[in-house]
Amino acid sequence: MKILVANPNTSTGVTDRLVAAGKMVASPGTELLPMTASYGVPYIATRAEAAIGSAAALDMLAERRGTMDAAIIAAFGDPGLGGARELFDFPVVGMAEAAMLMACTLGRRFGIVSFSRSLEPWFAEIVAWHGMTGRCAAIRTLDEGFKSIDDVQEEKEAVLIDLALRTVTNDAADVVILAGAPLAGLANKIRDRVPVPLVDGIQAAVVMAEGLVRMKPRKATAGTYRRPGPKDSKGLSAALANVIAHRDS
Amino acid sequence: MKILVANPNTSTGVTDRLVAAGKMVASPGTELLPMTASYGVPYIATRAEAAIGSAAALDMLAERRGTMDAAIIAAFGDPGLGGARELFDFPVVGMAEAAMLMACTLGRRFGIVSFSRSLEPWFAEIVAWHGMTGRCAAIRTLDEGFKSIDDVQEEKEAVLIDLALRTVTNDAADVVILAGAPLAGLANKIRDRVPVPLVDGIQAAVVMAEGLVRMKPRKATAGTYRRPGPKDSKGLSAALANVIAHRDS
Amino acid sequence: MKILVANPNTSTGVTDRLVAAGKMVASPGTELLPMTASYGVPYIATRAEAAIGSAAALDMLAERRGTMDAAIIAAFGDPGLGGARELFDFPVVGMAEAAMLMACTLGRRFGIVSFSRSLEPWFAEIVAWHGMTGRCAAIRTLDEGFKSIDDVQEEKEAVLIDLALRTVTNDAADVVILAGAPLAGLANKIRDRVPVPLVDGIQAAVVMAEGLVRMKPRKATAGTYRRPGPKDSKGLSAALANVIAHRDS
Amino acid sequence: MKILVANPNTSTGVTDRLVAAGKMVASPGTELLPMTASYGVPYIATRAEAAIGSAAALDMLAERRGTMDAAIIAAFGDPGLGGARELFDFPVVGMAEAAMLMACTLGRRFGIVSFSRSLEPWFAEIVAWHGMTGRCAAIRTLDEGFKSIDDVQEEKEAVLIDLALRTVTNDAADVVILAGAPLAGLANKIRDRVPVPLVDGIQAAVVMAEGLVRMKPRKATAGTYRRPGPKDSKGLSAALANVIAHRDS
Amino acid sequence: MKILVANPNTSTGVTDRLVAAGKMVASPGTELLPMTASYGVPYIATRAEAAIGSAAALDMLAERRGTMDAAIIAAFGDPGLGGARELFDFPVVGMAEAAMLMACTLGRRFGIVSFSRSLEPWFAEIVAWHGMTGRCAAIRTLDEGFKSIDDVQEEKEAVLIDLALRTVTNDAADVVILAGAPLAGLANKIRDRVPVPLVDGIQAAVVMAEGLVRMKPRKATAGTYRRPGPKDSKGLSAALANVIAHRDS
Amino acid sequence: MKILVANPNTSTGVTDRLVAAGKMVASPGTELLPMTASYGVPYIATRAEAAIGSAAALDMLAERRGTMDAAIIAAFGDPGLGGARELFDFPVVGMAEAAMLMACTLGRRFGIVSFSRSLEPWFAEIVAWHGMTGRCAAIRTLDEGFKSIDDVQEEKEAVLIDLALRTVTNDAADVVILAGAPLAGLANKIRDRVPVPLVDGIQAAVVMAEGLVRMKPRKATAGTYRRPGPKDSKGLSAALANVIAHRDS
């Protein structure tokens, strides 16, 4: 099966890391298709950037529809996820969502560790949107700058491990999510240095996207994720305007 | 003082209604500046459209920054509100937010009545985002089509009154919010036909925007609404890119 | 328009501060009518005193009914607010309520700072009564005595600023409410020494009371704030007994 | 031991019913001391009347302090309970509180059935104040008038049973509380006509008051129920003013 | 009346302590019948052990049915309580449940103090199961080993007092529950060394069990605690299999 | 990889259905190992039976430890899941848990449909235990008897579809979980007759168990799922006693 890894950030180096980490858990026969946003910011870190990234994610999925079996929105705050589920008939999985859901099978409450202080409000909102606030022990983030978003996980490895340890000791987390596309693959490397299970977002998303393809759930024609009726628009990308106008079939 | 009424829908007829209804409660000396989105859909009704409208709202406020004392994001789901509060140093009020907060002073729980079934998921999410789920008795919406978004409030007046009555009788609402920019001004007209207070979103927003200008709260330099540091971007509107890059002063 | 500032504490010095601070945000044409409780304690600080103050607030509003367009119950815990909304047909706003609602437009969560440790349980209960617990980051209070309730804001200014800073740094408050009638007007003075917006309760209440008068919501004849039927009583003030018995028209 | 049954309503007929019903579960050696409010309304049914009743309850307990081992505030909404726990060093139990706590041992969620529609808002607030909203299946009340508060339980017995049955069938209540002082003793009479356990508020309160006296918990000198420091007041009853001023020993 | 004290731990020394502490609050005429589990672990401390203890508790009550008026499941996590309420027609009270419910009458929020770190997850789950999470300030436990479960309360008295003080000072607990069967009777001994009321689980349970017997609630024939229909089983104790198959009458 | 399908019910026919349905989504190379409880009831339906089944599930996993890569507790209420995660170092997944987590990726709220009214309390408790109450729209169950647990899904197919439709129409469910081991495989058969996605519990569990094996999370040595220290016991199965005593390596 083919799974689109849609990175709504503009950094291709991050996309490469996502695909590499995802492949470690993909089943034989699963192909991960990389895609990087053509507009926006190198890495989404605020509510404002997430608003832009949400629109970008919808553009990306609209452009590639018909070429894959499922899609992953590969930024931790799941920009555009709700809208994507309305518009498209293939399964769409968010990276924050998948990480949190898999983490639920590994502990009572999970901690979230990430690389930038500015991410906290956005992350807190996506945790709440998924109804997971009660299972989230804490969100802990780096409070210092870094050189390059592509290599932040190597540069800050020691500090990130320390944050993970603190979510265990101080926040009573049973499991730690390493959050944010730039941290893809880090869980495997530091696995033995943290005393609780670690969850890698893209790996969780690949597992869940594969599972959804295999379970073959139908597209809803009722409920809040049914496809909206056709509608005119102006000024949108051709691909997205076509989907909204039902000119996509 | 000058208050921007930024309508993130593309229908100018709705913008006219918003300004007319707002003027009914504005203080002498307050000027409401109308603005209509240049791209998007005639009226936002789904999560996908809200994602697009969120980006549009940020573009609109970036374009007009420096010309007003406060801004209202004049669509009931408050698209882009969180991001706007990060980026800008003037007060920004959402229409759903203002309606709900004023409604809290008029009853234990409020009902929300609107004109399209497809709005419910988006509205439910904005109610939750504001932490108001516990004060919301119900969201009730029309389940039938209408001819024109500009005149839906006249065409469906009787049915909307009936929905308001049902939120009182069946859902125990103490107050009813008439939600959605296209219903601006309706509350004044039907006031005597519903046995509980009605709240008009744009009127509530004008009241709160004026109040914030008078209270002169400072722009946060700490907390989750502090302004993010400067950042490069690509493919965004010049106005918004400049704000994000701190090239706006 | 005329707005009654009903101070359910017995200290007239506090009433003076309330009116002075309120005038700073009132629109031209708005008159604030001061009133001080004739029985009770100098400043309400406990659940027991709040019970007494609740009855006093109802007495005060009953006595002055017909002379104003709206009333503010000018103690932070909003004593008697629910009962007042049942009995009277003019808008009534609580100072805690107004402060919290305005604070919601300025941040994700607000901190509450006040001048006496004994206030915390009462404040926590009014936060919960308004359904605002989820938006309240912390309640922090002075833990030391003071000389005079009339001048506590000058005497303890430095410590109060320190408490505000701690709600920002330790409790992640995005906005700080300076709570309690004796702190009226302090927000304007220390505005630049706290890195997040400050909210003054009486100013928020004036803004919301004015807004309600302009929005002209009808008195409920259904729902939990409809007026109860006439009832006999014994031993109450004549003014209140008349209202309860519907002898007030 | 001696337990004060302080009825904050002014109807002595209701006080008689309370004592009679309470005696059915009291241990040998327990004496129930009746007391009826000297001011207020015949039966508290609204938030405004509860405010008055809260002050009355504190007056009653202040007047009788030193003559009993524990006190019951014998109105279902527990008027003045929080304040009483601050001021006095003997155990004080609320009738709503005791009924709900005992009901928790008999079912997952309880229904509340009472005799007047106007009681619902007050009851809902006391349920929330006790943190019991999640265990409350529904509050169902009579929607018709009655002849005398003293005999409402006989007059409306059939309708009250019907309401109890509906909380079981429609609201999934596992247990039903017959709420309000005027229904004291009804549970014993209709026990076999409702298929789930019934709880009588005064009986639950007698059980818990007795238990507290036997368990001998100390008066808190820390926490939110520690006694406040002495304070001057004006215009209060001598008994209450003395307690507030610490002139009671 | 006769009340079974069913200790689902295998340590008879603990059973002795339970009965001794319970007798201190029992009414004249109440007999406490001791019973100790015949299989399981000396003291239940984990979710796995609680699963085993739940089955054991049902076996114990099935074996003794018909010989008592009410039963107490005398381990703090209330193993088997829900199932016992389904199967049996006499009142069954859990020790955690009774302690928390009585604690609610003594403070806004209670702290729980116990003797082993491994108990925390189980305790947290039973607090949540009872819907009491909002009233629980903290669970604090010893983090060090002890010599004998029978005498842990003497050996660790000083540390347990220190934990209690910390729940008051750091967690704002108004009342402290000394949790776990091995701490039965400790509250009476250290009462004066903690500034808030202490609650002993077995004493609370005796009070509530007595009260339920006196209040004579009927066995539910509807709702979630109605008795399930007869069912075959295999491999269970004869007593329990008979109850499940309705061969018990 | 090998995944144990541990059915804590005693009906082997149900085990067969579970394995057949699970195979439809298993990856090539995954082997599902069936196991049926040797004691207990044919199908767990009450809290009491769940207590017994929890102990049975631990016995089953203890007996088979070392022979598989992961285990599924194949009854919808996840009996023994928390204890299993403490005791064992391989991943353990509950069927209710997996169904709810996968359902979260398909809708805002899920409905649960099952075959026996007596299941509702147990199901409601496991939903709450997983912190999923906020995402559960309703639990709807058959209210009529059936001939054989092995074939209930064929016998009651029409009624079960009707219940599913009602959770969509009346309860606003976006996705429906067909709950209970006896319904394994039904989702595939009725997929086109319900307008929202259906989730089959065993299929969800297989997907998540496979994913966990691929993600290789470490066994916790800290947090609430760390393995408890060794402990003596009496009267337990040899396999389980050995695990509890750390005699299993």
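When the chains are written out, they are named A, B, C, D, E and F in that same order, and each has its own residue count from 1.
Note that a contact is a pair of C-beta atoms (placed from the backbone, for glycine too) under 8 Å apart; a residue touches a chain by one contact, two chains touch by 3 or more.
Values in this document were obtained by computation on a predicted structure and should not be read as measured data.
Asker: Touching both chain B and chain D, which chains are there?
Answerer: C
Asker: Among the chains, which is located farthest from chain A on the basis of C-alpha centroids?
Answerer: Farthest by centroid: D.
Asker: Go through B-C and C-D and name the pair with more C-beta contacts between its chains.
Answerer: When the contacts at B-C and C-D are counted, B-C has more.
Asker: Could you classify the chain A-chain F contact as same or different, where same means more than half of all interface residue numbers appear on both copies?
Answerer: Interface between chain A and chain F is built from largely the same residues.
Asker: Report the inter-centroid distance (CA atoms only) between chain D and chain E in whole Å.
Answerer: The answer is 27 Å.
Asker: What whole-number Å value describes the gap between the mean CA coordinates of chain C and chain E?
Answerer: About 44 Å, centre to centre.
Asker: Specify, in ascending order, the residues of chain C that touch 2 or more different other chains.
Answerer: 108, 121, 224
Asker: Touching chain E in the complex: which residues of chain D?
Answerer: Going through chain D, the ones touching chain E are 24-25, 27-29, 91, 93, 97-98, 101-102, 104-108, 130-132, 134-135, 168-169, 172-175, 188, 191-192, 195-200, 203-204, 207-208, 210-212, 214-226.
Asker: In their shared complex, at which residues does chain B touch chain A?
Answerer: 10, 38-42, 45-52, 54-55, 57-58, 79-80, 82-87, 118, 120-121, 125, 128-129, 224, 228-229, 231-236, 240, 244
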